[in-house]
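Starting off with a structure, shown below.
Labels run A, B, C and D following the written order; every chain starts at residue 1.
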Amino acid sequence: MSDPQPTRRATVPAMEERLGQPIPVLDHGFVRVVDYMGDDAAIVQAARVSYGAGTKTARDDRGLIRYLMRHWHSTPFEMCEIKLHVKLPVFVARQWIRHRTANVNEYSARYSILDREFYTPAPEHLAAQSSLNNQGRGESLPPEEAERVLRILRDDASRAYDHYEAMLSTEGQTGLARELARMTLPASIYTQWYWKVDLHNLFHFLRLRADPHAQYEIRVYAKAICDITRTWVPFAWEAFEDYRLNAVTFSRQGMDALRRMLAGETVTQENSGMSKGEWREFRTLLEGAGSPAA
Amino acid sequence: MSDPQPTRRATVPAMEERLGQPIPVLDHGFVRVVDYMGDDAAIVQAARVSYGAGTKTARDDRGLIRYLMRHWHSTPFEMCEIKLHVKLPVFVARQWIRHRTANVNEYSARYSILDREFYTPAPEHLAAQSSLNNQGRGESLPPEEAERVLRILRDDASRAYDHYEAMLSTEGQTGLARELARMTLPASIYTQWYWKVDLHNLFHFLRLRADPHAQYEIRVYAKAICDITRTWVPFAWEAFEDYRLNAVTFSRQGMDALRRMLAGETVTQENSGMSKGEWREFRTLLEGAGSPAA
Amino acid sequence: MSDPQPTRRATVPAMEERLGQPIPVLDHGFVRVVDYMGDDAAIVQAARVSYGAGTKTARDDRGLIRYLMRHWHSTPFEMCEIKLHVKLPVFVARQWIRHRTANVNEYSARYSILDREFYTPAPEHLAAQSSLNNQGRGESLPPEEAERVLRILRDDASRAYDHYEAMLSTEGQTGLARELARMTLPASIYTQWYWKVDLHNLFHFLRLRADPHAQYEIRVYAKAICDITRTWVPFAWEAFEDYRLNAVTFSRQGMDALRRMLAGETVTQENSGMSKGEWREFRTLLEGAGSPAA
Amino acid sequence: MSDPQPTRRATVPAMEERLGQPIPVLDHGFVRVVDYMGDDAAIVQAARVSYGAGTKTARDDRGLIRYLMRHWHSTPFEMCEIKLHVKLPVFVARQWIRHRTANVNEYSARYSILDREFYTPAPEHLAAQSSLNNQGRGESLPPEEAERVLRILRDDASRAYDHYEAMLSTEGQTGLARELARMTLPASIYTQWYWKVDLHNLFHFLRLRADPHAQYEIRVYAKAICDITRTWVPFAWEAFEDYRLNAVTFSRQGMDALRRMLAGETVTQENSGMSKGEWREFRTLLEGAGSPAA
C-alpha cells in the first residue's frame, strides 16, 4: 500500500486499517483488501438519484438501506466495488470462478512457475462422503484413516512438484514448457488472483459460499470476506444478514402449511402436499437450523 | 464531495481536482466524476500478478501497458473502475444503455417528477439525413428551415411539459400517477444517472461512441469522458489512442491489396476482390480519415 | 416462420403451435415467439452432466427440476433459451432494458422512420399516484378527469407525430435527419425488438415484472410471457410458481416472530423487533396477499 | 438425440447431420453439438428489425452479414446460440472458463467420481519453453527427453488416480468425501461440460483461442468449433475469417509508417517511432504471418 494521501472520495477509516493486511485462510492462503470504492453512504446516494425527492425525508440512511435490501433493489448496491487479492487452492478457485460477474487476474502458469505450496487439510476436516446428501461431507474419518489420507496427499503433492521441477529444468536437458509441465500438478496447489466485484454480486457470492452447504474450503474464504464486508459497509451488511443470510423462503406449499398451523390445525407431511424431502426441509426451516440452499 | 481524508488506496491527484466538478455537455447536461478506483499502476500491478516474474524486469510500466493493449489483454484494465454522474437527454440514454457491462442507477420517473429541461440543438447541429449512409447526418439545414425546426422542438417540449404538470396536478382533481403522466414527455427531456464501469469496458464504449460515426449528441459525452480518462490513467489512455482509436483494421482482402501495393503493383477496385463499398472504405483508411466503425 | 422441417433438436410440439403467433398486449403491442432452444428434458440433461450418476436414479425429471429450483441451482435453467419479438411503448422498453443479461436488437430510429402508433391507456387504467407508495398507482381517476387525460395524451402524440413527419419531409425543404427528428416523439410511441434470454434470467425478469408491484404496462407483457413459458417448460414453470412466484421470504426478525407465534405466543409490532413498515409487510405475507417485491 | 420431429424454427440441414456426433479432440476429448438456435438468415432477420426498411433492398443476405461484421455490429450475431458438450482436460477448462459470457454446466467432482482419463501429449507436442516469448512453446524436446517426460506424466496420473480410488474406497474403511479426494488429481484429468454461447461471443472466443499464440491444447478445441461454425452459419463464418481471423490491425504509428512506405519512403525502425518489439511485429504483419494477438 502507498503512504497516506488526501482524497475526497468516500473513505472508510476502518477499511484503511485493513488495506493490504492479509487475513490468513487455510494453511497457506489469504484474503487481503487491495482497494475499495464507496461506502454505506454511496448506496444511499445512488438510491436517492434513482428515487429522487421521494426518499429524501422519509427514511434515514440505515432505514433506506434496509428497505432497498428487503425489496430486492439491486442497483444501489452495485455502486460499491471491492478489489481483493486472494491466495487459494486450485480446486477452490475452480468453484469460485463460476461466479461470472467479477473481474479476475489470475497468476498464469503459462508465464510463470508456481510455488511449492499445497493445501493439506487439518485432520479434523477430513470427513466421509455424506450419506444424506450426494454432495458434501459427513462424519470425520477415524484417526488412523485420516493419517493415511494425509500421508497420501502430502506425498503425491511433493512428488508431483519434484517432477514439475525436473521437467522444467534446463540443466543437462532442454526443459519442458511451463504450460505443459503444470499439468502434472494436483488441484491442491495454491494459485492467486486479484478479484474485483461489486457489492450486489459479492452478496450473492457470500450467500452461496458462506452457507453451511458450501464446501468447507471455500466457506472459510467467504467467512473472511464477510468479516471485511462488515467493516466496509456496516448498514448494508446488517441488512444482508437480516434479509438474506438469516432469512427463510417458504414455497407455496410451505406457506399453506404455515397458515394452517397458525390457525391451529395439525399439519403432517401426509396432509401438507409436500414430498418427504420438502417436508423434512420445511421442518428444519421452522426449527431454525438455517437455510437449505445447496 | 467530502472533505479530504487520508487514504492508502491508489490516488491520482489530478483526478482529485476533478471530483464532483461537472463538465458541461450539450445545453443542460453534464458529466462529473463521483469516484474512481485504481490508476495506471493498478493495471501494472494486476498484470504482474497474472504474468508473474516474467514481467518484472523486462518492461517499465508504460511499456507494459502498451504491450497489454497491443496484445488485447483485457483483464488488467478491468481492475480500474470509475463512477460518473451524468445528466443527458433520454434519446441519448437509450443508446448509452445498450452497453450492458456497466452499473446504472437512473432517476426514476415512477417515483419522482422530472424537471422542465429539454435538449435543443444549436442551429449548426441541425442537419439533413445523410445520403451516403442510412444512419447519420449530412449537411446542415438552411437557416430558415433550422429556425422552423427549433420552433417545433421548443414548442412541443414546452407544451408536453405543461400537459405533464397539468395531469399530475392534484389541485381541483385527483391527479394522474407519475408513471403514466411521463409518457407524454418527448425523448429530448433530460434524465440523469450514476454510471459505473471498469476501464476495459469504458474503452470499448469510447471506441464506439467517440467515433465520428456515432451520433453527435452521444459523441460529446464520450469526448468529455475521454478527457477524464486521460487525466485518470495517462499511460493507458495513450496506448488506447495508439492501438485502438487511431488504429486501423484491414480485412484479408485489404491486406492482400496492401501487400501488392507495397510490392509496386497497381491495385484497383476491379482487381482487388473487394466490393465497391469495401474499396471506398479501404481508400479512406489509407488516406487517414479515421476508422469506418459504425 | 418457415415450413416444417425435420429436426433432431429438442422440440416442444405445443411451442411449435405458438411460433410466430403474436399475442396481443396493450392497444398496439404484441409478444411472439421467434425461436426456442431446449425443453424440460434439456434442464434435466444438463443437471445430470453436472451432478453425474448421483442424480440418475434418485428422482424423476419433475422431481429433479423441483429440487434444482428449490435449492437455487441456476445453471441447468440457463441451458434453455428463447427469442421473442416484442412490440412495446418506449417507456416500457426503458424499464425492460434494465435487465442486462439478455440480447437485444431494437428498431433503430436513426436508420428508419417510426410508425404512427402510440399507447393510449384504457380509461380504467388511468389511476392516481399511490398515497401509500412513492412508486405506483392508487385509485382510478374519475371519468371526466380520465377523459381529459386521454384527450391530452392523444392530442400530444398526434401533434408530435405530425411535427416529426413535417421535420423529416424532403418536399420543399432539406428535411431533418431521423436521429434528430425522433427527439420530439413522446415515450408512449411504440418501438419493437428481438429479445433473447436464457430461462434462468427470464425467470428473474418474470419474478420482478409479473409482480403486482410492477407497473401495469410492463406486467401485461410479463404475463403474456408467463403463458408462453408454461407452454414451453411446464415442469420448470410449475417449480417456478411454487418456489418463486408464490414463495414468501421472511427476514430473521420475521422468523423469530413466526416461531414465537407457532409456540403460542402473542406477537405484536411492539415486541417483534420490526419497524412499523416491516410489521405491516409481515402481516400481509402471513395473510397471503403476495410478496412485497418492488 | 431424439428422432426427427417437424419444426418451424430456423433449421440448418447440415447441422442436423452433426447433432450429437462427437468430434474427437486430443487423446480422450471431444466436442459435440447438442443444440443450436438460428442460422445466417436469423442474423439478417434481426438486423432488418434494427435497421428497418433501409436495409431491405440495399443488400442481399451475404452482403448484409459482411457489412455487419465489417462495421462491428455485434447484436445481430447475438441472435444465434449454440450448445456444445465438451470433454476436455482440467487445465484447458481453466483457460476456457475465463470467457465469462457463456452458460456452463460442468461435471461436479463433489457429487460424482471422475473417470480414470488423463491427457498425455503426443511426443511431437512436447516442446520447450519459448525463448522469445514468456508465454508459449519453442522447439520440440529431443526424443529421449520427451520419453522421460511422458513417463513422468503417465506415472503421476496413474498413481494419483490409484490414490484417489484408495481414499474414496469404503471397503474396510470409512472412505473420504469426494470433494476432498479429488484434490490429489492432476490438471491433466478430463472433465466435461455443457457450454452454451451466442455467436458473437463464440467468435470472440475463437478469435483468441484459434490464434497461433493460444496454447495448442485449447487451440485444437477452437479449431473443431471453427469447423462446426462454418457448417452452421457459412456467411457469418466467411465474414469472420475475412474481417477478424485474417484481418490485421495497425497502430497509429504503424499507419504512419505504412503511408510513408506507400509514398515511396524508406521506413526503418529508427525513423518509425516504434519500439523494437513493435517494429518486429509490424514487419511480421506486413509479411503476412498472422496476427500477434496473445
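Assorted remarks:
Criterion: contacts are C-beta pairs under 8 Å (C-beta built on N, C-alpha and C of every residue); 3 or more make two chains touch, one makes a residue touch a chain.
This one's a predicted model, so the numbers in the text were calculated from it and none came from an experiment.
Each chain gets a centre from the mean of its Cα atoms; the one farthest from the centre of chain D is C.
A straight line joining the Cα centres of chain B and chain D is 31 Å long. Mean C-alpha position of chain B lies 29 Å from that of chain C. Averaged C-alpha coordinates give centres for chain C and chain D that are 35 Å from one another.
Looking at chain A, one finds that residues 51, 54-55, 75, 98, 104, 106, 108, 111, 134-135 touch two or more other chains. Chain contacts in this assembly form a complete graph, since each chain touches every other chain. Of all residues in chain C, those touching chain D in their complex are 1-11, 13, 16, 19-20, 34-38, 42, 45-47, 49-55, 75-76, 78-79, 81, 83, 85, 103-108, 111-113, 192-194, 196, 198.
Residues 51, 54-55, 58, 63, 67, 70-73, 75, 98, 134-135, 208, 241-243, 246-255, 258-259, 261-262, 275, 277-278, 281, 286, 288, 292-294 of chain A touch chain C in their complex.
Taken together, the chain D residues at the contact with chain A in this complex read 89-91, 94, 97-98, 100-101, 104, 106, 108, 110-111, 119, 121, 125-130, 134-139, 141-142, 145, 149, 152-153, 156-157, 159-160, 163, 166-168, 173-180, 182-188, 215.
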